[in-house]
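Some structures to go through are shown next.
Each of the two complexes below includes subunit A, the first together with subunit B, the second together with subunit C.
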Partner chain A sequence: MSADLYTRLATLASSLVLLSGIAILWRHSLQAYIASFARQSLLFVMAILIVAVGEKDPRLYGMALMVFALKVVFIPRVLRRVQRHVGAEMEIHPYVNTPVSLALAGVLTLLAYAVAQPVVALSEAPTRGGIPLALAVVFVGLLILVSRRSALTQIVGFLVLENGIALLAVLVTSGVPLIVELGVFLDVLLGFLVMQVFVSRIRETFDTIDVDRLRGLRH
Partner chain B sequence: MILPILLVLPLLAAAMALLRKPDHPLVARAGAALSGVTFALALVLARRCLTRGAVAFGPGAFLRADSLSAILTLIVSGVACVSIGSGVNALRHGTGENGPIDDALRRRYHVLTHLFVFTMLLAVLANNVGVMWVAVEATTITTAFLVGVRRSKAALEASWKYILIGSVGIALAFLGTVLGYFNFVQRVGQTPYALHWTVLKGVAAGLDGDVLRLAFVFILIGYGTKAGLAPMHTWLPDAHSEAPAPISAMMSGSLLAVALYAILRWKTVVDACVGHAFTDRMLLLIGTLTVTVAATLLIRQASYKRMLAYSSVEQMGLVCVGLAFGPAGTLAALMLMIGHAAGKSMAFLLSGNLLAAYGSTRIASVRGVLRVMPWSGGLFMIAILALMGLPPFGIFLSEMLLVRAGFLSGHPWATGLVLAMVVVIFVSLLAHLQRLPYGEPPHEVPRGEPDRSSLPPLALNLVVLLALGLVVPAPLLRLLGRAVEVVSR
Partner chain C sequence: MVSFLVEPLQVALTLLLAPGLVGLVRLLKARLQGRRGAPVRQPYRELVKLFGKERVVSRNASWIFHATPFVVLGTTLVVALLVPLLAAPLPLDGVGDLVVVAYLLLLGTFFLALAGLDPGSAFGGMGASREMTIAALAEPTLALAIFALAVGAGSTNLGRIVARTLSDPVETLGPGHVMAFAALAIVMIAECGRLPVDNPATHLELTMIHEAMLLEYSGPHLALLEWAGHMKFFLFLALISNLAFPWGVAVRPGPVALAIAVLALAVKVVLLAVGLAFLETQVAKLRLFRVPELLAVSFLLALLAVTTSFLVR
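Showing the complex of A and B:
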């Protein structure tokens, strides 16, 4: 793979990861959110593989495999099960409507370019074009989290944010040291499992997963 | 060898709670005993750090303790020892709103409590800032169930907010960690110990300032979320007020301090690269904001547990402000951390007794505490007076030192603002709590201490509060001095 092709592919994969994150903002059904997240994770796996080939780093193949098992297969499956279990179908009345959400996503992407500037300037990696895009994924994840009312969508937002950070780590340094990588994986897995347990409990206790109803505790 | 043993003890306690029947008296007692041993070992560790400077263990000094980690280890294990010892009966008679607290729940409670202590100890003893991050994140996971153990609507709401906001915050701290690592790799190259903070600090002068500043912003927001700094503090009053008393005590007394410790570790790296003006400015900004927000929200508080939680927000803000005031301020901040750990864990543990007797966390429904339970009530008031910053307790002295450091380091305006807020908080706490001890208690409240066994461990808190305020013991002062050197050199 020539250096030029490598750069182009890495940037392309990063932009697709961002696009699949933004897609969540204009969909309304929870099923579509979960599907978008699974698609984003698959694209992220592609990005890892591209960097693995480009950097000739065998460690990254292992990482790609782990991400695939966790974020493309396992987490979407659990999410679908929870979604069937709680019986929620649609994200209704988000705090921010679709056109404004999309406009905000655009603004956040620009912001990501501004914020990432010193990082891009320092980086000599051929993949540096993707750095602002990865940061934009983080911001879009945050936007999903704060602008949507379903507890399940908030989990998806968190997972998108997490994908963005992991993508950034792969792009800038081909991932963090192994021990930290494993720790992060374990934390994401356990954190996700705890969250999905709470979604079921919220459904059982409140008869809804609309977190706007969770306002018993105020100052 | 002392470092791995410190980490193994809570794991051992967790394993025991997992294997034994949860209502077996051995589980709670042995757990309390093991946490006592952990605290004793922490004292030994502090001594060794004084004589040798730093203690390390494992390949590339995987675990490492200097005076700063030693202080945090003392805080974590001390608060754990008191909380677990005092909370032996915490769940024995409790019932949740959705049915009684059964064996499975009780087992989970004990196991997770010890794992929680383990993750905090790992966070302060790990040399690798990545492992430190993993450990801090793990504290969120272990405590999420503990906050929601009562299964009431309020507890569920609190734990959902906690795990979501906590996870997002900590994810941003990881982003900062990645940026720091990238900075290192770009300038120095891939080495196996690149994320060890001793290594990071050693080469910090050659790192890129702009990227490191950006990393610090993410780290401050991220770990700041866990430390309850405004405006990311919103989860804290909910989680701290809904959790069972021993968990509130540990989350407030030690977990907040651990999160600030993580910020402090990174501050030393960033300072070595771009000088301390940048991090000081950020800490001063977020610290004054936090103190102001806490003061505003404390004015109209109806629940004594939430009041304690907002007071924690205030104190963490004060610690941040202190850290921005140079070495003298850092000394005051570390003292305040210790004083807060002792005072707040004591207040939260006793609030458990108040709740058990009165069945409500509303200040308005609690009257005549001194008549109902003279010991718990009296000690609760003492803890509150200490937290308000009255002499002869340690928090008074640390706040005086902090204000002095503020004026001497040339921040008269910020110091004045903080001082005004401390006075506002003082008045609010006094106004809210003056009716608690006296008056006619409601008829249905049974007279007498709800749980006598919860009181003796609190002697440790009293000793610490008084010692810090009257005569700081010479070894502790030396330890604090060394820790200040670690931070500001």
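Showing the complex of A and C:
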């Protein structure tokens, strides 16, 4: 694989990861959110594989396999089960409507380019073109987290944010040591499991997973 | 000498093949939906039939109503001269670039909307207002996507952009390039009134956009407008396929190279048409109020295309 092609493919994969994150802002049903997240994770695995081939680093293949098992197979499956269990189908009335969310995503991407400029200038990595895009994935994940009401969507937002951070790590340093990677993975897995139990609990107590209604707790 | 023959050849191809392409898409869609469908030559028959019919014009119609079919057809034919369908540096390349092409097409849309308003019928006004809403949202996207492509090539000249892609094939895998084309494809769907934005097959009053503006036209005028619509569709598909995959375009026009170019163009456009037929079978028409969301997506794609190709070299 020529150096030029490697750079372009890595950047393309990062931008596709970003686009599948933005797709969540456009869709309305929880099923579509989960499917978009699974697609984004699959594209992330592709990005890892491209970097693995480009850097000739066998550790990254192991990481790709782990990400695939966890984020493409396991987490979407559990999310689908929770979604069936709580029975919520649509994200109705998000705090920010769809066109504004999309415009915000564009602004956040520009912001990511502005913020990442010094990092990109310092970096020698051939994959540096993807750094602002990975940062934009983090921002978009945050936007999903704060602009949607359903607890399940917020979990998806958190997972998108985590995908962005992991992508950033892969692009900047071609993967952190395996032990750190494992630690982060277990962290995400545990956080996710706790959250999905929480969603079921919220549903049982309040009969909805709209987090706006949790204000009642104050009194 | 041969190089100047390219231009009339392009116009002739556009005039003759465009209705066939529309017929092909209709036939493919019918087959995919389990119907037998009309033969590919059906749009030609419709045009012949319309040219033989009487012309009925509202008493309230002004000169705009009479001029519009010729303005729309004229702008489309000029676009057929400027778009590199067969050869990359066209003899008339200096006359207009991508910006001129985009705004010539929009000029046709503008006159069509005026003509929809002109006779004062309720449907025409509704169609015109919807068409303008969509055009106003699609235009910035188009401009941005053009800008993204132009930044890559260092020129807005269509021939230069095609030549640059031919000389640097890896460039087509860059994110800027890919996203600019995704944005252009959505704009094409919106501008040509295809599903999910507008359904070209119905005259249902709740949903129609393009047909509502043509409702007052009859006879030869309607035939001209239909023909121009077919040509616009053909030109958009050809433009997108030649900007994305320019291989086959004649760099040095000779008889053999031109024959190859015609074949390559036919293959590319038919492939795109097949893809479009599949897409149109899969998706339902969007509610009118969700169309701006779709166009916001395409605007975002174009914006990302510009930032990735402009900020990262």
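Note that the second predicted complex is superposed on the first by the 216 of 219 C-alpha atoms of A that agree within 3 Å, B and C clash if a C-alpha of one lies under 4 Å from a C-alpha of the other, contacts with A are read in each partner's own complex, and residues count from 1 in each chain.
In the analysis below, a residue touches a chain if its C-beta (ideal position, glycine included) is under 8 Å from a C-beta of that chain, and two chains touch if they have at least 3 such contacts.
Being a predicted model, the structure only gives us computed values, none of them experimental.
For the composite obtained by overlaying on subunit A, subunit B and subunit C can both be accommodated side by side without a clash.
In the superposition on chain A, A:102 makes contact with subunit C only, not with subunit B.
In the superposed model, the angle subtended at the C-alpha centre of subunit A by the C-alpha centres of subunit B and subunit C comes to 150 degrees, rounded to the nearest 10. Residue contacts after overlaying the shared chain place A:94 against neither subunit B nor subunit C. Using the contact criterion defined above for the overlaid structures, shared-chain residue A:5 touches subunit C, although it does not reach subunit B. By the document's definition of touching, neither partner reaches A:62: not subunit B, not subunit C. When the shared chain is aligned, subunit B comes close enough to touch A:187, but subunit C does not.
Touching more residues of subunit A than its counterpart among subunit B and subunit C is B. Applying the stated contact rule after C-alpha superposition, one finds that A:202 touches subunit B and leaves subunit C untouched. The superposed three-chain arrangement places the nearest Cα atoms of subunit B and subunit C 18 Å from each other. Touched by subunit B in one complex and by subunit C in the other is not one residue of subunit A. Taken together, the subunit B residues at the contact with subunit A in this complex read 98, 128, 130-131, 133-134, 137-138, 140-141, 144-145, 148, 151, 153-154, 156-161, 163-164, 167-168, 171-172, 174-175, 177-179, 181-183, 185-186, 192, 194-195, 208, 210-211, 213-214, 237-238, 241-242, 297, 300-301, 306. Residues of subunit A that touch subunit C in their complex: 2, 4-5, 8-9, 11-12, 14-16, 18-19, 22, 26, 98-99, 102-103, 105-106, 109-110, 113, 120, 129, 132-133. Residues 170-171, 173-175, 178-179, 292-293, 296-297, 299-301, 303-304, 307-308, 311-312 of subunit C are the ones touching subunit A in the complex.
Residue ranges of subunit A in contact with subunit B, taken from their complex: 115, 118-119, 121-124, 138, 142, 145, 151, 154, 158, 161-162, 165, 168-169, 172-173, 176-177, 179-180, 183-184, 186-187, 190-191, 194-195, 198, 201-202, 205-206, 211, 214-217, 219.
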